[in-house]
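What follows is a set of structures for review.
The following pair of complexes shares a single chain, chain A, combined with chain B in the former and chain C in the latter.
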Partner chain A sequence: MKYAPLLLLVTVAVLIALPWLVSGSMLNAAVQMLIAALFAMAFGLLCGQAGMLSFGHAAYFGVGAFAAVHAMNAFGGEGLLPTPLLPLVGGATGLVSGLLAGYFSTKRTGVYFAMITLALAELLHALAPHLKTVFGGEAGVSSFRMPAWGIGFGSLNDVYFLTLVWTLLCIGLLYLFSKTPLGRLALGLRENAHRLRFLGYNTHALGTLIFAISAMFAGIAGALQSMNIEAANYVVLESHISTAVVLNSFIGGVRVFLGPAIGGAVMTFFGHVTSDLTRVWLLYQGIIFVLVMMFLPRGLVGELVERIRNPSGEGLARTLSTLLARLVSLAIAAFGAVFLIEFLQRFLSPEYRAGVTDGNWPDIALFSYDWAPLSVLPWAFGLGLFGIGIALVTMVNRRVAARKEAQA
Partner chain B sequence: MDQILFALLNGTIYGLLLFMVSAGLTLIFGMMGVLNFAHASFYMLGAYFAYTLQPLTGFWLAIILAPILVMGVGILVERFILRHVHEHGHAHELLVTFGLSVVIAEMIKMVYGKFAVDYRVPAELNFAAFSLSGIDYPFYRLFMGGIAVVMFIAIYLLLTKTRVGIVVRSAIYRPQMVEALGHNVPMVFMGVFGIGAALAGLAGAVAGAFYTTNPNMALELGVMVFVVVVVGGLGSMGGAMAASLLIGITNSLAVGSDFRIADILILIGMGGWAEEIGGLLTMRMSSLAATLPFFIMLLVLVLRPSGLMGEKE
Partner chain C sequence: MSDPILSLQHVHKSFGEAHIIRDANLDVIPGERHAVIGPNGAGKSTLFHLCSGQFAPSDGKILLNGKNIAGLKPAEVNRRGLARSFQITNIFPGVTVFENLRLAVMRKHNLQFVFWRSAARLRVVNEEVDDLLTKIRLTERAQTLASQLSYSEQRSLEIGMTLASDPQVILLDEPMAGMSHEETDYTAGLIREITEGRTLLIVEHDMSVVFSLAHRISVLVYGEIIATGTPEEIRGNARVKEAYLGEEAA
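Our next item is the complex of A and B:
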């Protein structure tokens, strides 16, 4: 891990140079990625470090987003709250709402905690359409970014840098927080809350405080989001936002510090790239999540870090060749599965069904070929590739196991 | 008066329906320690399966076959997914079922579209059971309540009066001891998981025809079921029953009520102030009905954190 600081420096340098490296649409995606990364980090603090699984983090994200839009309208980007400082409002409202919600939800631990956070988020979501003055009803609340400090904030580049500075700052703060005594107590809360209580700590207050801090960073992420799109709608309170942050963080791995951020950024990136290729990205996201949870319980980044820290002792060449064999066979299986899902999606889509006229099933174009849906060919193709891939993975795994056995 | 009677009846039946789903959840939790986040997804699957089967087999066979199919799905989930992650702990199992609920919802959206499907009460069951002061009461509601009650009696008798029930109940408390006595405990777990899923599926197959069948129904009901188990105390059947009825009845009473918080404040001379503030204070109870269960949950958490009939942590 001695290369970690260097790697970090290079990443930051690339992030700073990004506006000159990529197109506008990609830069827009980068803003989304940064926001998702920060949101996932806030979630990771609660879930990874303190071991409290929240299914309702969209509430604090959304509250921050609305607070920032209202502050934008109230201050007009001047006076006490110039545009670059607006995320502070999001953070403050996130903190306050987190204290309130945390007081109730940390009354219980474990699965109860998870259910309560979900219920609280749904409460806010059910209430929001009725409170038109705050949440703006169907239309939501919109605003404009005003120039401040000699920066226009009109162009995408300005927004990118604003988001970048806030995201890096917050991730830095989160890192420092994890080193404070309170941050260490969060780990204690995760590992053994009973013992903490015996040692004289007030675990309810501790849980509430950590919940509030996590909600604060989620609020900042929400504020950045609403500043980016210059509006907030009660859609940001919907459950799929909470779902996405849970999936992203765990795919990255919540027990390693930057795991959630990388998970959030990577999944958002793929979501952006595949948005015009597939309509069922969420399905893939769910499947990837379940597979990661089943076979790589530490998450992608967590597994990577673990492998680097504890090499298998087989030598670099062998490890790499096993990894390559696994990746290739997985890619074959994944291609088969993706083919099947996409084919099924097109086959079942209402547009296709509308084109079917008694007994005449038109061909479906997929991967630059036309496939007849009633012939056995496309189904056999997809299933076959999937089966071959899985068989190859099993074979590689058996070989590795046999080698381990021989060594032992 | 009749209005209140109707509301009470509707609430009781909605409560029974909630119980049908939360009973399975509580049973599985009490036995395996797994909070099955995908449980409400089984409810949704039941509704969609019955909707698909109905044109082929007719309504009656559909509501019998759909729960059996859901049971199959539940057994597959337990055998090939949950058992695989068991070693990583209960939080991990919760997360996997959470992921499964996402996958199931997305698959339903892919196959049936994002909007509600046309799954209706069959014509032969669509009549009024009785009418009070000119308002007809649909027979189908009573039918749903009846199925729930029959289910309960069956489960109760199965658990308390049969040998299988004894093994299941003892596997909850001392799984290792039961295993040592020669019973196949993983098999028992799989069976309970399957039965729980089938119960949820049956509730979905029956209720989906009356309420709407759409890809959001799992989340909507799931949140209510979680509120029920937090209020009742997870792992307690009696608590789940009490909480389901409490939430069902308050919900349906609130829907028909024009009450506002400002109305109370008028009594102490603060009506004008409340009207000025607006917001929550002047909202009618009927539009707040969807949020009432959450407030009940918060109240219970403050007064009795372990739930109405739950054990102390």
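Our next item is the complex of A and C:
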């Protein structure tokens, strides 16, 4: 991992140069990716490092978002809380609510812990529409970013840099935190809380504190979100926000430091691209999660780190050519699967059904061709490509296994 | 004979109708290696759980340095100078050997809720971890994941973690369970070394280990201590022979 600092430097440089490299719509996506990355990192501290799987992290993201909007309205971006420091309000609110919720939920572990976090988040979500003064009802609470420190904060570029600075700062702090005694104890909590207790530690207090710190960073992410869209609505408290952060973190790899951030960024990017192209992008997201959990249980980054640490011993060229062969085969299979799913989606959609008259099934346009739905061709095309891809991948895997056996 | 460092006085423990420990009396003298033996189900592990704070006794007193510790939480008992190992290996499997010991050592230096210092720069802590690694002969394995150690190495690590708080009294619960002859000899030597200047209370099934290691032995049968004495005294004790050793000799 001696290239890690260099890689980090290049990444930061690219992130700083990004507004001049990509379009406005892409930059907007980048802001959301950064927020998702920070939120996932906050979750990763709790779940990956301390081993506590929270199903209710939307609550702390949400309270951070609302606190920032209210602070924006109250201070007008001036005085003690100029616009760039507003995420601090989100962080403080997250910290306090995390201390409260953490105190109760960390009294239990495992499934019971997860259930309590879920219940607390759902409680807040159910309560929110009734507390109009705090959560603004259906309309939510909106505000405006005011200029401060000579920066306008009106343009997307300014928002991007505000989000970038806070995200990098927080990820840096999370990294430093993982190196402190408390950060090391988080690992102990994950690995064996019982033993920690017998070593003389107060595991409940440790759990509460780590929960609160995780909630604090989630609150900062929430604040960045509401500052970005200049509004907050109780939709941010919904359970799918809690679920998304769990899925993103696990896809990236919850046990490696930057895994959750990369999972969050990649999946947000994926959503941004695919939600314009297809209506069933959530299905794809779900399929990706299942496949990653089945075949790369360490997550994308986790698997990469593992491969670098324990190389296959076949040399770089062999490893890369195997990887390439796998990727090409998987791409063929994926194309076949996507074709089938999209074709089915169109075939089953109410709009198409409405167009069917007297047994006359109009052609379906997909990938710039018109396919007759009752002909065998489109189905055979999709299934065939999928089958070929899977067969190719199986072949590659068999060869690798045979080589390993020959070595042993 | 000096005052006992650990003293059980009329200790009783029952779970519902089951009386596991019945009026147990035991004095452990500072600096001695004291073994508790007894047939399976005699209550040896329960006795350890009572001393280390996992269970509170139903009745009676447990004195550590003359102060009653009965019913205190494990963490508090540990703070007062009594540390224990477990019958089942109880370590932090997913982190390195070094990290395991560092987690154990940090407590002694009151490093718990500290998030403004780097753990790598805690010089005293890291020196103590290095010392412990030398003592338990795992220096070479410092950066290995604990889960990848051999069984006897894991047991050594377990003992190292027990030592980390620099306790006056160490409780070892069947440290040789499941070990080969070589591993047992090795671990017995290790225990002899590390308990120098401390007090040891040990539960062990391997009689050759018990009789060569312990200064004094107590025999626990059906929740009662029926005899305490030197290995010779215990060998010659008629009640012990009848209740326990006799069965094995027969």
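What we mean here is this: the second predicted complex is superposed on the first by the 408 of 408 C-alpha atoms of A that agree within 3 Å, B and C clash if a C-alpha of one lies under 4 Å from a C-alpha of the other, contacts with A are read in each partner's own complex, and residues count from 1 in each chain.
The working rule: a residue touches a chain if its C-beta (ideal position, glycine included) is under 8 Å from a C-beta of that chain, and two chains touch if they have at least 3 such contacts.
Just so you know, these numbers come straight off a predicted model, no measurement behind them.
Q: Which partner does A:Val280 reach: the first (chain B), the second (chain C), both, or neither?
A: first
Q: Would you sort A:Pro297 into first (chain B), second (chain C), both or neither based on which partner it touches?
A: The first partner, chain B, only.
Q: After lining up the shared chain so the two structures overlap, which partner does A:Leu196 touch, if you call chain B first and chain C second: first, second, both or neither?
A: Only chain C is touched by A:Leu196; chain B is not.
Q: Is A:Lys107 touching the first partner chain B, the second partner chain C, both, or neither of them?
A: first
Q: Pick one for A:Leu123: touches chain B only (first), chain C only (second), both, or neither.
A: A:Leu123 sits against chain B, while chain C stays out of touch.
Q: State whether A:Gln345 touches chain B only (first), chain C only (second), both chains, or neither.
A: first
Q: Within the complex, which stretch of chain A touches chain B?
A: Chain A reaches chain B through residues 51, 53, 55, 104, 107-112, 114-116, 118-120, 122-123, 126-127, 130-131, 133-134, 239, 243, 246-247, 250, 280, 282-283, 285-287, 289-290, 293-294, 297, 341, 344-345, 348, 350.
Q: Tell me, which parts of chain A touch chain C in their complex?
A: Residues in contact with chain C: 176-177, 179-185, 187-188, 190-192, 194-202, 205-206, 209, 213.
Q: Enumerate the contact residues on chain B facing chain A in the complex.
A: 29, 35, 81, 84-85, 88, 90-92, 94-96, 98-100, 102-103, 106-107, 109-111, 113, 219, 223, 226-227, 229-230, 234, 278-280, 283, 287-288, 290-291, 294-295, 297-298, 301-302, 305, 313
Q: Show me the residue ranges of chain C that touch chain A in the complex, using the header's touch definition.
A: 52, 74-76, 78-79, 83-84, 86, 90-95, 99, 102-104, 106-107, 111-120, 122, 161, 164-165
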